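Shared between the two complexes below is subunit A, which pairs with subunit B and subunit C, respectively.
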Partner chain A sequence: MRIWGEAVVQLGLLLGLAPLVNGFIQRVKAAFQGRHGPSVLQPYFTLRKLWRRQDLRPQASTWLFATAPRLALSIALAAGIGIPLLWYPAPVGWGGDFIIVVGLLALERFVLALAALDTATPFGGLGSSREVTVGAMVEPALFAIALPWMLMAGGTSWAMLITASASIAPLDLVRFFALVAAVIVCLAETGRLPVDNPDTHLELTMIHEAMLLEYSGPQLAMASLAQMVKQLLLVAMVTDLLLPWRWGGPLAQVGISILLWFAAAFGLAVAESVSAKLRFFRLPAYLGTAVILSSAAAALQLWGGR
Partner chain B sequence: MTWLFALGLLSYVLSAAFGAYADNLSAALSLLAEALFVTMAVAGVRGLHLNVRIPFGPPGFSLHWVSTPLGALFLILVSVLGAAATIYAIAYAKHLPTSKRRTVLVFAPLFLASMTLVCFAANMASFLVVWEAMSLTSYALVIVDREEPGVLRSGYVYLLMTHIGALCLLAAFTLLSNHTGSMAFAVWAEKAPTLPSGIRSAVFLLVLLGFGSKAALVPLHVWLPRAHPVAPSHISGLMSGVMLKVAIYGMVLMWFVVLGPGPLWWGLVVMALGILSSVLGVLYALAEHDLKRLLAFHSVENIGIITIGLGVALMGWHAHLPLVSIVALAAALYHTVNHALFKTTLFLDAGSIQHAGAGRNLDALGGLWRRMPWTSTSTLVAAAAIAGLPPLNGFVSEWLTYESLVRLGAGGGLVLALSAATGVLALALTGGLATACFVKVSGVGLLGRPRSDRAAEAHEVSGFMTGPALALAGFCVILGLAPGLIAPILAHIAGLTLHGIGTLGPTNAVLVSLPWRGAHLDPASAALLAALIGAVVSLALGASRARRSATEIRAPWACGGELTAAHQYSATAYAKPFRPIFRLVYRPVRSVHVESLIHPFFRVRVSYEGGTTDVLSRWIYRPAITGIVALSRQGRKLQSGSLRLYLALMLATLLLLLAFVH
Partner chain C sequence: MSAALCVTRLDAEALHATVAQRIGSEYRHLTTVVADDRDTNGGFRLDHVFYRPGQPGLELLRVHLSGNRPEIPSLVPLLPAVHWDEREAHDLFGVVPLGHPDPRRLVLPDNWPNELYPLRKDVPWDIQPPKSKGQDWSPLVAEGEGVVRIPVGPVHAGIIESGHFAFSTMGESVLHLDLRLFWKHRGIEKTLEGLHWSDAGTTVERTCACCSASHQAALAEAIEQLVEWEIPPRGAYLRTILLECERLYNHINDIAAIPAGASYAVASMEGTVLKERMLRLQGELFGHRYLFGTIRPGGVCRDLTTADIDRLRQELQQIRPLVERLGQRLLRHPGFMDRAQGTGVLSPSTARDLGAVGPSARASSVGWDLRKDRPTLAYHDLAPEVVTESAGDVLSRLRVRLREAVVSFALLDHLLVRLPHGPITTHAPEGAEEAHGIGVGCNESPRGANVHYLELRQGRIWRYRIRSASFANWPLLAEAVPGNLIGDFPLINKSFELCYACCDR
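Right, the complex of A and B next:
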């Protein structure tokens, strides 16, 4: 029973905070561009506006198009339950696992990419094809970030990974390498510069937005919310893995976690602001950097550890 | 048990005999045989064992059939998938011309019977005889459409590769029987671990080549993308889903049951080949737009994943990490079962789509979701399963493989850790690429608008064809949601197979370590959770929609123009980004040819041709073939027509052999 209670609280936290984190990133970016920018609450207003609008559906589409945003949101939330957000560090026996979270994120991508092809439009195909290309390279990079801790712990559950991460020095070179890799992966996976640009609808550059181009109304609201939840998830995963220290009672720990998320979101916004869009075919080199850095981190860990 | 066995075989033979005259009777007999063998496998678990010995050939030789737990697992695969294919063929074979239908209906039961017998073979003679029968019957099925261009050539490549493999097996088995003085596998298993390491390694490599060519490991996979597309679809399904698995059975049997723990490099070689196969297999599949060729390349990928598991098991055994070995072998067996299920489903569906008149070129499909709902459903489920997505079975076995890799890496030693890290990254890349590829297959193939008139006129096929595919897709869901159903059995079989692995205690101790035990978020609860959340979200949506107008169907955004089916992404375009990215593998070639009235003005026609280069055949097979042809040319000089020279040669051979024997 307690597990289900925790799950509900965690879901609420994810759903509630995801738009705020997005608004925060927008605000930081605006500051970098010398603008005042919209309020940090703008994503909530946008979602509310969309929720009240009418749904449109392209002619050739099937039920897959209509259900994909719902599915994507549900899958992202289900993945959110698999990550230790609350009650940190993970209590003994907490069985959430890194691999199932990565698997669920891949499933979400699968569903949205299919729905994009369901529209029978060139934009859908374009976005879908690019998204799965990025996805195919992000997946090993995601694994690579966790690799040093996986090899240390000999397992893939969050409890093991976090314990392993906490067991090495805070300023270890391993952590630094993994952190740089994590920033690269997060930028790619959340559809941000230099991989994708969330603020544009130019067909030459858009990836994720092209997949969602035919969505409107509540459907679009859910698809965007799913993306925001996924963004928060990634931020939480990275802070869990790389900055695993929490102090004080349960409430203080949750507070520290949330502070760390915003710090990480700030970092993402800065990284996005200072980078220029990369040519699509340069992406493998960019994501490859992440893989190589985290492999180097893993190798360092192995050399140091034995 | 003996009676069951004999009756089952008799049914297969009768089914083949009636195949030429009475289709339905033949199918019924095949199904009876499959049911009997499933019963036998289940009874085997309950402790009933088969042990049949038939004297055969020269004195001392005999055919010996024994049931083992490992064999029972593969027996179930052969029989269940055989049953699915048999039911499918009832409707599928109807449209074939009479002569071809007879070939298919006569050889398919024999093919199934020989695969069944491989699972029982207990000595060298019985194994090699049915192994050969399996190769020959499948060859006959591959060349059913022999008057079509290219089919005989594909069949020839298959026959050649399979016989190179059989030759290696014969060599390995001869080595073993010479050094142990027996032909029985049981005796080998007893004595092989104490043989000199040179012999053991030679046997190991020969087995790797022999079964590797049948299982289609890179670079021995060349026959697979040729043979599978030309065979009738349910036969492709059986070959890909079952026959490749029989080769995996052979590897497990020879490496784990017979040879026992070996040096570290065995595991490294196997794992390296597995990684190579999985990554190259999925990359080649991605570049393919012929549905059946694409699926064939995915078999290479999945065999690669299975082989990674086998490699980990070998390494773990070497490094005295019993738990790693058992988890890895269980993962490999799990993936074997899974691949058999989803790959057969996909091949059956590809056959249905072809049967419905839409062809198998992905660029000419599309819009089938509305026209062929059942076929599309099973395709989508199997596609998600093969892409390794939760909550389906492919995810579970890949998870187990990750688990074994990570445990191996933590086990100790830099070599183990580095190979584990490489394995994890390769598996992740394979997973990502497979997801991309199956979005392409189901998105371009089933969704959107029909890309050709044939696809627009496609119709759903008969229930005999959709039924088996849906049933197998259902198994994919069940084995994904409830891994606890078969994982303990597989771990048990793995423990029995890795004989003498050490003091592990009861097998249940192993199961506690499997990831979903003690995990709150196992695939099943994740799925349940997603469904619950989805229901809540849908309710909320329904509530909001009740206040607003209903969904409106509109023309999509087309920049002000009118969209046609040709505006959609084609399968080739979809995979285009991967071509420059992985140009090292693909070696893409393109040529643009412009015809103009006055060069370079007034263009009349622009033709574009793009493609990839088969690097492996250029680097490995082309030189090998050239070398063999050159050698044969030299050898031809011996055939001068001179009787004296021939006699001299015979004498020389005799003397050489005598010298060799002494």
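Right, the complex of A and C next:
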């Protein structure tokens, strides 16, 4: 019973906080641009507005297009109960494994890419081709971030990874390398600069947004919410994995986690504000940096004389 | 006919040889104008307007085309710059350019009836023709295995004007780009016909908000040239100040727009703030943020007091280092520089052939600038330095604007310091009310040469043609984009900063 209770709380928190984190990032970016920016609650208002709107579909599209947003949201949420968001270990034992979470995120990308192809529009094809290209580089990089801890722990479950991470010094070089790699991966995986621009209206430059271009109304709300949930998940994963210390009682631990999420979101907003978008064919070099840093961290861990 | 215009009458056979001779002796083509003269001499008049650097006068090479369905061998093989002029003349007057490489419609919508030429005198200005089959505009595309066509617009995801871009792409690379504009044609030239010249200003200045002063100055120059109207020195200086202020705020705007194309929002916002500061200053000192209603034939509408001049100089002195800082911020940003360098290259030969104007031409080492080549107003006394760059890429177009902004700051300061005393306007000379003839006004707007061709009969406008800088430069975009990544299109587009309204006139 306790597991189910925790899962429900975790899901609620994920759904409830994901738009807030997005609004917070938008607000920080606006501040960097010298603007007031919309309220941090704006994503909630936008979702509510979209929820009431009409749902239009391209004529050529099939059930795939129609079901993809709810599938994507479900997959993101499934991944969400598979990680120890607030309590260790994760609520669902089967999902308490890093590789499954990475796999679920890949599955979500796959579903949306298929749906974008299903629209039979040039932008859908453009978006899914780009998204899958980025995905092919992001997924190994995301996987590589956990590599040092996997080697140290000799396993891939969250509990083992977190214990391993907590066992080395806070300012260890391994952690530093992995953290830089994590920032690079998070920016790419959440569709942020310098990889993708979530705020652009320029169709030709879009990656993730190009896939969602044909969606409207509740469908668009769900697809956007899925992306926000995924963003919060990544932030939570990285803070769990790389900054694993929690003190005090359960409530204090939850508070620390949430504070860390917002700190990480602030970091993402800063990184985005100082960036211009990369040329598409420069992305391998950019994402390759993350893989190299993670590999360096793993090599340090293996042969670092520990 | 005033002395500033030299008309050479030719027959159609002699035209090619004469144009070739003019091009050979460094004449440059400004515009090509068709007018309906069937009431007086049973045909159409075709004027090719040329100027020669260093000479104040303009030359019109005039061909008389008789009959109701005139044809003339296309000049495009000899002078590619006239390709849009000829297509427009075909659409609006039915003057058929024989052998034009691209005879598709340019201006008229698909469902406009064939054989109905709206700028002919027998077609009323408010005609609403029944929708007809007309012609199907089909884009020029690349074909082959793996080539994907991406149509974009005329409705866009953002608040952008209406343009249709037909990309043929292979993967992420653009193989070919075809443009279609003129979605919101306003018929300004037609509505001007019949107005007295003194009533034309309100319409002409609305051709385009962002080069309104330039359009007003071109109208004023055309009238002044036609009736031999001298403007007082203070009026000439103030008009120059207006033109330079317009250049400055536009350049700041364009400098801010380019990083937006590379998603570098912080720099873009920084520039936008500076532009807004210029606009507010203009609103305060000249009475209109976009300088509407500031220039009139014979001078300018509003004088600057000593306090105004001090205020303007002070503000400009404050804004100048901020613009330079923004420039440095951009030129030192590795991510932005990587996007801008080598992107959207326009070769000097293409720029020259297609008649590129303004910063886009000067970034491809075509150093054409009417302020120096055909100085009017205060440019006689204070010829500005002509800034050129050679790479022809996005970065060059940015650099040209940055350097020209610095030049304009200095120029404005000189103008304000040396502003002569005296009246700002003079009365029209005798007989101006009933003036008869042709005047051509042209000046260097922020985007390049704006050319206005004015024909009056008894003081009323018979024919008005506006050849805007953007009209000349739009075709360049289709040349600069192929070979680049499709994701770089917005960046390239913003580096040209072309105006839709200037086409839809």
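Note that in this section the second predicted complex is superposed on the first by the 296 of 306 C-alpha atoms of A that agree within 3 Å, B and C clash if a C-alpha of one lies under 4 Å from a C-alpha of the other, contacts with A are read in each partner's own complex, and residues count from 1 in each chain.
Everything below uses one rule, namely that contacts are C-beta pairs under 8 Å (C-beta built on N, C-alpha and C of every residue); 3 or more make two chains touch, one makes a residue touch a chain.
All of these numbers come straight from a predicted model, not from anything done at the bench.
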Partner chain in contact with A:F32 - subunit B first, subunit C second, else both or neither: second
Subunit B versus subunit C as contact partner of A:G155, first or second or both or neither: first
Partner chain in contact with A:I168 - subunit B first, subunit C second, else both or neither: neither
Which of subunit B and subunit C A:L126 touches, first, second, both or neither: both
Subunit B versus subunit C as contact partner of A:T200, first or second or both or neither: second
Which superposed partner A:S275 touches (first subunit B, second subunit C, both, neither): second
Which superposed partner A:P140 touches (first subunit B, second subunit C, both, neither): first
Residues of subunit A touched, compared between subunit B and subunit C (which is higher): B
Subunit B and subunit C footprints on subunit A, overlapping residues: 122-123, 125-126, 130, 213, 280-281
Complex contacts: residues of subunit C adjacent to subunit A: 148-152, 156-160, 167, 172, 259, 261-266, 268-270, 273, 333, 335-336, 338-339, 485-490
Of all residues in subunit A, those that touch subunit C in their complex: 29, 32-35, 122-123, 125-126, 130, 193-194, 197, 199-205, 213, 273-282
Residues of subunit B touching subunit A in the complex: 366-367, 369-370, 384, 387-390, 395, 399, 402-403, 406-407, 409-412, 414, 417-418, 420-421, 424-426, 428-429, 431-433, 435-436, 438-440, 442-444, 447-449, 515, 518-523, 526-527, 529-531, 533-534, 537-538, 541, 544-545, 548-558, 563, 565, 567-569, 573-578, 580-581
Subunit B contact footprint on subunit A (complex, rising order): 3, 7, 11, 51-60, 62, 64, 66, 70-71, 73-75, 77-79, 81-82, 93-97, 99-100, 102-104, 106-107, 109-110, 113-114, 116-126, 128-130, 132-133, 135-140, 142-144, 147, 150-157, 213-214, 217-218, 222, 280-281, 283-284, 291, 295, 298-299, 302-303, 306
